[in-house]
Every structure is written in structure tokens, then in C-alpha cells.
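See below for the structure under consideration.
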Amino acid sequence: MFFDVDVEARVGAHDIACRFQAEDGLTVLFGPSGAGKTSTLNMIAGLLKPRRGHIRVGGRVLFDHGEGINLPPEARRVGYVFQEPRLFPHKRVRANLLYGAPDRDADPDPQLMEVLGIGPLLDRWPRTLSGGEARRVAIGRALLSDPAFLLLDEPLSSLDRARREEIMAVIERLRDAIGLPILMVTHDAAEAERLATRTIEV
Amino acid sequence: MFFDVDVEARVGAHDIACRFQAEDGLTVLFGPSGAGKTSTLNMIAGLLKPRRGHIRVGGRVLFDHGEGINLPPEARRVGYVFQEPRLFPHKRVRANLLYGAPDRDADPDPQLMEVLGIGPLLDRWPRTLSGGEARRVAIGRALLSDPAFLLLDEPLSSLDRARREEIMAVIERLRDAIGLPILMVTHDAAEAERLATRTIEV
Amino acid sequence: MLTGAEWGIVALSLRIGGVAVLVMLPIAFALAYLLARGRFPGKILLDGLVHLPLVLPPVVTGWLLLLAFAPTGPLGRIIEALTGGTVLFRWTGAAIAAGVMALPLMVRAMRLSIEAVDRQLESAARTLGAGRWRVFRTVTLPLSVPGVVAGTVLGFARALGEFGATITFVSNVPDQTQTLPLAIYSQLQIPGTDATVFRLAVMSVVIALAALVASEMLARRAGRGQHVL
Amino acid sequence: MLTGAEWGIVALSLRIGGVAVLVMLPIAFALAYLLARGRFPGKILLDGLVHLPLVLPPVVTGWLLLLAFAPTGPLGRIIEALTGGTVLFRWTGAAIAAGVMALPLMVRAMRLSIEAVDRQLESAARTLGAGRWRVFRTVTLPLSVPGVVAGTVLGFARALGEFGATITFVSNVPDQTQTLPLAIYSQLQIPGTDATVFRLAVMSVVIALAALVASEMLARRAGRGQHVL
Amino acid sequence: STRGPLVLAAASLQESMNAAADAWARAGHPRPVISFAGSSALARQIEAGAPADLFVSANERWMDVLQRDGRLMPGTRATFLGNHLVLITPVSSNVRVTLKPGVNLAEIIGNGRLAMANPGVPAGMYGQQALERLGLWASVVPKVVRADNVRSTLALVERGAAPFGIVYATDAKASKTVRVAGIFPDASHKPIRYPVAQLKTSTNPEAAAFRNFLLSPKGKAIFRRYGFMTS
């Protein structure tokens, strides 16, 4: 049981409850806009504190209301691609990519740069990137941070088909070769069908 | 000839050139990430000044380098849904929606609110909206501003299938019943196929 | 608590500080906007000029004001022609000194907020049909509220505390230019008046704290949509 | 241009203003951060305390400093015990006065920028494995640079122009506490010294303008990624 | 108008001039409005054209300057008060100094400071003159700290910042926390004299009357109570 999530939170006037268990592989979180998908990912990442319940990932307890456990986000080893890019505006693309990397002086993995098509952008400032370019940098940043699992919030939106294919291939490789468990939000049926080991409705 | 666009611009180190003519109906702008789709829309909206060329929409000259014409954005009667929501953070959803409306005291059209599913959000602040909710408000804001034509930059990304269907139906209605010319960026093949009167590659 | 005369001093200080800041508010915002957004030759010069009252010793500012507003000075003549009076030794003169000294603080804070406004929101407003002026009123200005509030508080506090320029420009005239700082200064020069000094100083603090609390509340209300406070 | 003695005054002013601002910089930022982000009882009180030197008449601030640092005062005793000396009538005392007067301006500007930092960027940094301290150093602090620069300029300008608190606290001692404002004031009291006053005033302006230009360049460089300047 | 005349007065006149104004008000006149500062600062404001009614200086020199520049109403200048110059110290100290040539004032001051008014302020000018004539100036000048008028000087000693200060006898008398440690010989400085004059800019109908009151026996008696000499 890689993911063992059972949480409840209140955002504004909304009560969000989510409960699922999932093995390794890629789990698609699925549900209408406003259902609480992002909120759920935020709870798993440690950015939103649940009112009750527990979150266990890969045997580690990240949160347990009863036992008073609540790991800070930086201790959860999560690779989170947010719904919007959230790049650091004061750092160039290279520094953004390496922000969470174990070795911050090394150059970012050329193969990954190639797949993401961001090699030529390394010296640019985030505000000069196009929508899709920013998103690809955000994906790279999360992947380079040596995560124990991935949270992907619609990572492929605003990417063209060819690029999307290539990045899906990367995700598949992470899922299968490295065995990185992945929790992903998507509205794209084709995407879900191709990647999902299982689908959970929020 | 509704759209008659022939422009060139320089953004950073990139030269972007785009030239097309299109009748009424919906024209899909298509091209890989970073190709210059958003830049082109920005030129048509008056937010980015081309280095040369002209932009004519519905017989009106919006820009003509040779004749020194450059209408300000507010005079172009454009309904622009940006790639990111760009809601006014200091105004509630209702005020955001009505910002460009001819009658700013009237309630926003209930039928449109129904389709967009944002009726219950009218009194919320933008920062409390989910990604898809914010996008829907942005669509509503552009549609309510009584535009002469629409520029849509991936308007349906981050929306679930059901909602996407409904909004596509609205766009079809605008296209056919009202005859509003539309220029739209999308990476979704199904979307493009269903809506596009023609497709232009950037 | 305070004697009648002391209440008079408090009232005078509030009037002078209040008028100074209210009159300076639009001027300061216009300058801040120009400095944040404008591109024109001499911008650095204007920037420097605005900062001048901050960097010049207050007594020099007071002295320059005195030269300008004296009956024979350039501004003094204009005022004489318009109103038949003078601002020297009058509360109006003290308000001028306070306003001039407060100006750079107001401009800096406002400018900081204007520079932080996301210009893409202004673009969005223009595509929605809003002209420059409406965009300014409905987007730029409200999004600069934190800076306007901070600038107003700083300016009001500075105006309340103004001393060097006031005493040099309009002297220390009871009921006209004797604000709290000048009154305290006078008392400090009279042996055995520590109790009065203390009372007046406490009054300064109370007024300033009240202004602060009010401004925090204002900022909180105005910022509701923008920040999580 | 200037006489040797006048150059000495300029050098002294720069030293006092520079030391005051440099020492206050981390203190001001820490206070700004606390006020922008902290939630604790007595926050309004701390806020008020920080603003005190701004709102209190400078002469009162000087007087309070004098009471505290006099040989018999609480802080004076500590300093005597530690260093065997005193800050009264010394340039160190003048720097204390200048620093205290500059503090509220520095804190306000920095706070404004800290409040404008997008906290979602901090969340992003934490998911990337950065602890609170690294997030502070690499995200919050650099994104607050506009406020830090503005605060430093305001503070330095204020320190250079400080008059009332300095003269009350450490008097007007040539080579020790006689900064530009005090030197100008001394000259202003003697009718017929306009030429000297003018030279020194111009020098104040030149220094301040130089600091301003330097800060604009700094802000531009630091803000390259953030604003379109 | 019901406003009293605006009087610019030397800082050393704080209590006495207020007492005179009170007495004048009790006699049924509008109370004069008084602004105190160092005489030189006031002279500068008048030079700039500041419209006041009366000026009382702590020395003749600044009145001379104003007269030369035509700022005084002719025939209204009159000298009416005199004072002494003293060395003060906190009451807690028991130092006594006979101020005469050769006394080692620098050593008596020790590590402390000697507070004086700015050189342009009358009290500062008298003080420097006295120390120079007594041959003490060169040795004490490194210890001198300046204040913007005689009352600020007094405050430095009162607050314990400086162990010694040079002020007028009347200032020492006004304070309970300082005492006189030594008196400067009258011959060591120009005689300390306070002239009054009505200013050219004066428009207040009561100005002349209040000036006359100050010069009257009744007025002078008030100042004598505060330690001034009258002529």
C-alpha cells in the first residue's frame, strides 16, 4: 500500500474529504472542477493541514491527527508540479531547475532538458517564458528534486501534442523503470487511460 | 475577410512573424509551445506592438505600421481570455465579471453563469477559487464585455470533460448564432476538430 | 489629564498634521506614479528633488521655506497677492513645513506599492475596454492601497513629529505654530517641567498609536481580497 | 570647493550615517519580517514602539537617549562597564541617534515588500526540500529587495539629515558629533554666513543624490528578473 | 483685533517674559504671544522678513545688525536688562572655582564636558570671550560641547550629560538641580545687556504699549524678581 490517505479539511466554506489507498504506479485523481483535487494534493504535500485523518506514503507517516504527527513539507520528499507554474521570478531557469536538486552546482540532466525542450532556456528569466515553456520548467524542477513520489496537477495542459507524448513517455519511465509512485490530476481521458494504473474519483 | 493579419515582432531574442487571413467562424491557431501564439494574440489585442505590418479585423484597421495607426487596446473591442486567468485580485468575482460589461450594475446573465457554473461564486475573492473556477470566471469576464471578436488562449485547459462540453457548446453558439469571429489557441485535437472552421499553423 | 492649554496644543498638532497630509496625499501619489512609471529625462533629478527635504537638515529646509515665503520671497509675494496675508508665524506655515517634510516618505512608500502592481492586470483591464484613466482608478490605485496607507501613516507621523523645519520657518508661536514637538522643546528648556514634558510626550505617542491602529485596520479591510492577513 | 574642516564634516557625516544604517539593516529587516508575518500578542505594541522615533519629536527622542545613556543611566552604566567609556558627545552616540531615527523608515519600507511576497512561492520552495531558513534566504529575502533598498535609502537619508535628536543627545562637538546638519545649523545662527551654509547644504544634497542614484542602480540590477524596468 | 502682540524673546527670558505677559494680561490687555529661541536664530527670522511686533535680544550685536538693515521702527530701541555669566554644575557636585587667569579649569572639568551655547548665540559669545580673556580658552576648547541656546545648555547640565556649563546667573537661579560653581568677572566679557525694539513689520496696536510696560518700573520689577539687573 504505497499511498494511504484518509483526510478531511475545510477550505473557506467547503468541506473536502478524500479517502483512498493506492499501490505504486500512477493513480489518476479525477473529478469536476472545484471538487477538491488540488486541496487533496496540498494536504499530501504538507501545504494544507487536514482537520483529521492520516496520510501515509511508502510506509512513512506524513500526517496523523491522532498521534500529532505532521511532517513539514520539506521533509516529505515530494515532487509537486503545481496547477500553475510557480517559478521563482528572481531566479533564472537554471537556478529554478536546480533549486531542489541534491547537487546544485551540477548542470541539469541533459537528457531531461532534451525531452522537456528547455535546454536553450536555461539562462532566461521566468517572466520571458511562454505558458508551455514555464510549465515544462516546473516539471523539470520537480523531477530534479530527487523526490520519493510525485504529485502532478494537470502537468500536461498547455503543451502541444508532440511534447505531451514525450513527457508522457518520461512519466511512464519514472513509473515503471524507477518505480516512482505518482498521483496525478488530469481531465484528459486519453491521458488518463494511457498512464493510469488506477483512477480515483474525488 | 474578417481577420487580415500580417505582423512581425521581436520578443527578447525571438523574431515572431505571423500572416493569415480568415473569414468569420472559428479559427484555430496551432503550433508548438513557444511558437508565438500568445504573442500573436497580444498583437491583435494591442498589448504588443508589431514592428511592421497591419492588423485589420472586421473591416476596422486596428494597426497599420505604414499609416501610423495603432488603436489602444480599449478601443479594439476584443474579448480576450488569457492563457492564465488574470483576475483582478482586489475585486470579487461579480465585479470581475462585470468589469467590462456595458451595464455594470446589472447582474451577470444567469444563463451564462449556469453554463460556466460560477453562479455560487459571485461573492468570492479570486484567490479562493480553484484553477478551473478561475478560468471559467475569466471566460465569463471576456464574454460579458460585449466584444466584437474573441481571442481565446487555451480557454478549456484545466476543465473537466462535462464542463468543457458545455462551454464548447456556448462557443459554437457564439460562432454560429451571433456570428462572433473567434481566434483560438488549443492543443486539443478533438477540440480543434469540433470547433474549427479552419486551422492556422504558427 | 491635560490642561486646557495642553489640549489646545494637541488640537493644533492634529489640525496641522492632518491638513498637511491630506493636502499632500494626491501630490505624493501623483509624484510616486510618475517616478514608478514615467520615463522622461530628468527623472533622477525629480527623484532627488522629492527626497531633498529628507536628506537636507530640517533647519535648512526651514530656512529655504523662510526665504521663499517671506513677504519679499517669490512664494510669499504670490500668497500676499492672493490672500493679502502671510503664512509666517501662522499655523498654515507650520502645515506647509510639515507637509514638505512628510512628502518624501509618502512618495517612497507609495512608489514601492505602485511598482509592485502586476502590469498584466492593467493590460487585462484595457482589453476589457477600460481607458488609461479608468484602469488607473480601478486597478492601479486600489492595488497600491498598502503603499498609500503606509505612506500616509509615515507622513502623518513625520508631520506630527516635525521640529527643525517648523521652528526655523515659523518659529515657536503659541496657538499658531507651537505643535507638540515645539511645546515639548519649550518645556525642556524650562527647569522643573518634567511632568509636563512627560504628559505631552505621552500624548504624542497616544495619537501616533491611534493613527497606526486605524491604518492597520484600514489596510486590513482594503487588502481583504489580496493578502491573507 | 570645501575647506579642510568642511571635508572633515562630510567624512564624519558619511561615517555616522553609514555605520548607523549598516548596523540597523539586519535589525530593521528582522523587525519588518516579524511585523509582516508574525502573529503574536503585543504585535501592535511592537509596531507602535518601532514607529516611536518617527512620531516623537526628535528632541524628545534625543532626551530619552540622553537619560538612558548618561553615565548614570541604565544603558550608560552597561556601556561604561563593558568598554570603560561613554557614547555621549562621541561619534558613536551620534550614530546611535541617527540609527534610532532611521529605524522606523527602514522597517516600514521593508515590511511593505515582505507583505507583497507571494507566499505560494515559499510553499513551492518548501516542497522542493528547503527548510524555513533556506526559504527565507533564497526566496523571501531576495523578493523583498525593493523594500530593502528603499528602506536603506530612506534610512541613510534620514540619518544624514538627523538633527534634533543628535543635538539633544550628543550635542554639537566638532570632529565628533558635528555632522552636516549640525554644522549648518551652527552657521545658520550666525547672520552673514550664507556662503558657508550654502556650500554645506549643497554637499548634503550631492551625497544624498549619489546615494539615490546608487540605490536605483542596485534596485534595477536586483530586480532584473522581476520587473520590467 | 483681540490678539496680543507677537514677541520674539531670547531663550533666557522664558519665565520672566511670561510673568510680564501674565501681568499685562491681568491688567486687561490681550496676552502677548511669545516665541523663545536663541537671540541669533530670532534675528535671522526677522532678517528674512518674518512679521513680528517686538524683539528682545540677549545682546546688542544682533539688534545692531537689524538696525543697520532697517528692520527696527526708529526710536523704539531701548536697553533695559542686565545679567551675569556663571559656571554651573549639578547640585550633587561640590566643586567651586574662582574664575581668574591661571586657574586650571581644564583639569577641573577632567574627563567631562563643558556645555556652552553655539558661538552665534549671545550666551556662547559671552562665554567664549570670557574664557579667552582669562586665557583658559585654548585648554578647555577640546572639552566644549555646544547647544542651540542658553536653555539647551542648561538642560545638558541638568540631565547629567555634562558636569559643567556656562549660562546666565538667571538661568542658574531658575533651576533647582544645578548650582553656581563660579562667577565670571564682569570685566572678562562685554556687559550682558538686553535691548528691546519694535519691528518695522509690527502692526499690532498693543505692541508699543507692551513695550512701554516692559520698560516701566512695574515691568522691570518683574524681571528683577527673576534675577535680572535693570537700568
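In order of appearance the chains are A, B, C, D and E, and numbering begins at 1 in each one.
In this section, contacts are C-beta pairs under 8 Å (C-beta built on N, C-alpha and C of every residue); 3 or more make two chains touch, one makes a residue touch a chain.
Please read these numbers as outputs of a predicted model, since none were measured by experiment.
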With one step meaning two chains touch, work out the least steps from chain B to chain D. 2
Among the chains, which one keeps its Cα centre farthest from the Cα centre of chain A? E
Between chain C and chain E, what's the gap in Å when you average each chain's C-alpha atoms? 35
Quick one: chain A and chain D, Cα centre-to-centre, how many Å? 45
Chain centres from averaged Cα atoms put chain A and chain E apart, in whole Å, by 79
Residues of chain E that touch two or more other chains: which are they? 41, 44, 152, 155
Residue numbers of chain C (touch at least two other chains): 63, 168, 188, 228
Where chain A touches two or more other chains at once, by residue number: none
Which chains touch which? A-B, A-D, B-C, C-D, C-E, D-E
Which residues, counting only chain A, touch chain B once they are in their complex? 11-12, 31-34, 38, 83-84, 117, 124, 128, 130-133, 136, 153-154, 157-164, 187, 189
Can you name the residues of chain E that touch chain D in the complex? 38, 40-41, 43-44, 47, 62, 65, 113, 115, 118-121, 144-148, 152, 155-156, 159-162
Of chain B, residues touching chain C in the complex: 45-47, 72-74, 76-80, 82, 86, 88-92, 99-100, 125-127, 141-142, 145-146
How about chain C: which of its residues touch chain D in the complex? 44, 47-48, 51-52, 54-60, 63, 104-105, 108-109, 111-113, 115-116, 119, 146-147, 150, 153-154, 157-158, 160-161, 163-164, 168, 180-182, 184-185, 188, 197, 201, 204-205, 207-209, 212-213, 216, 227-228
Could you pull out which chain D residues touch chain E in their complex? 63, 66-67, 70-72, 88-89, 167-168, 170-173, 185-186, 188-192
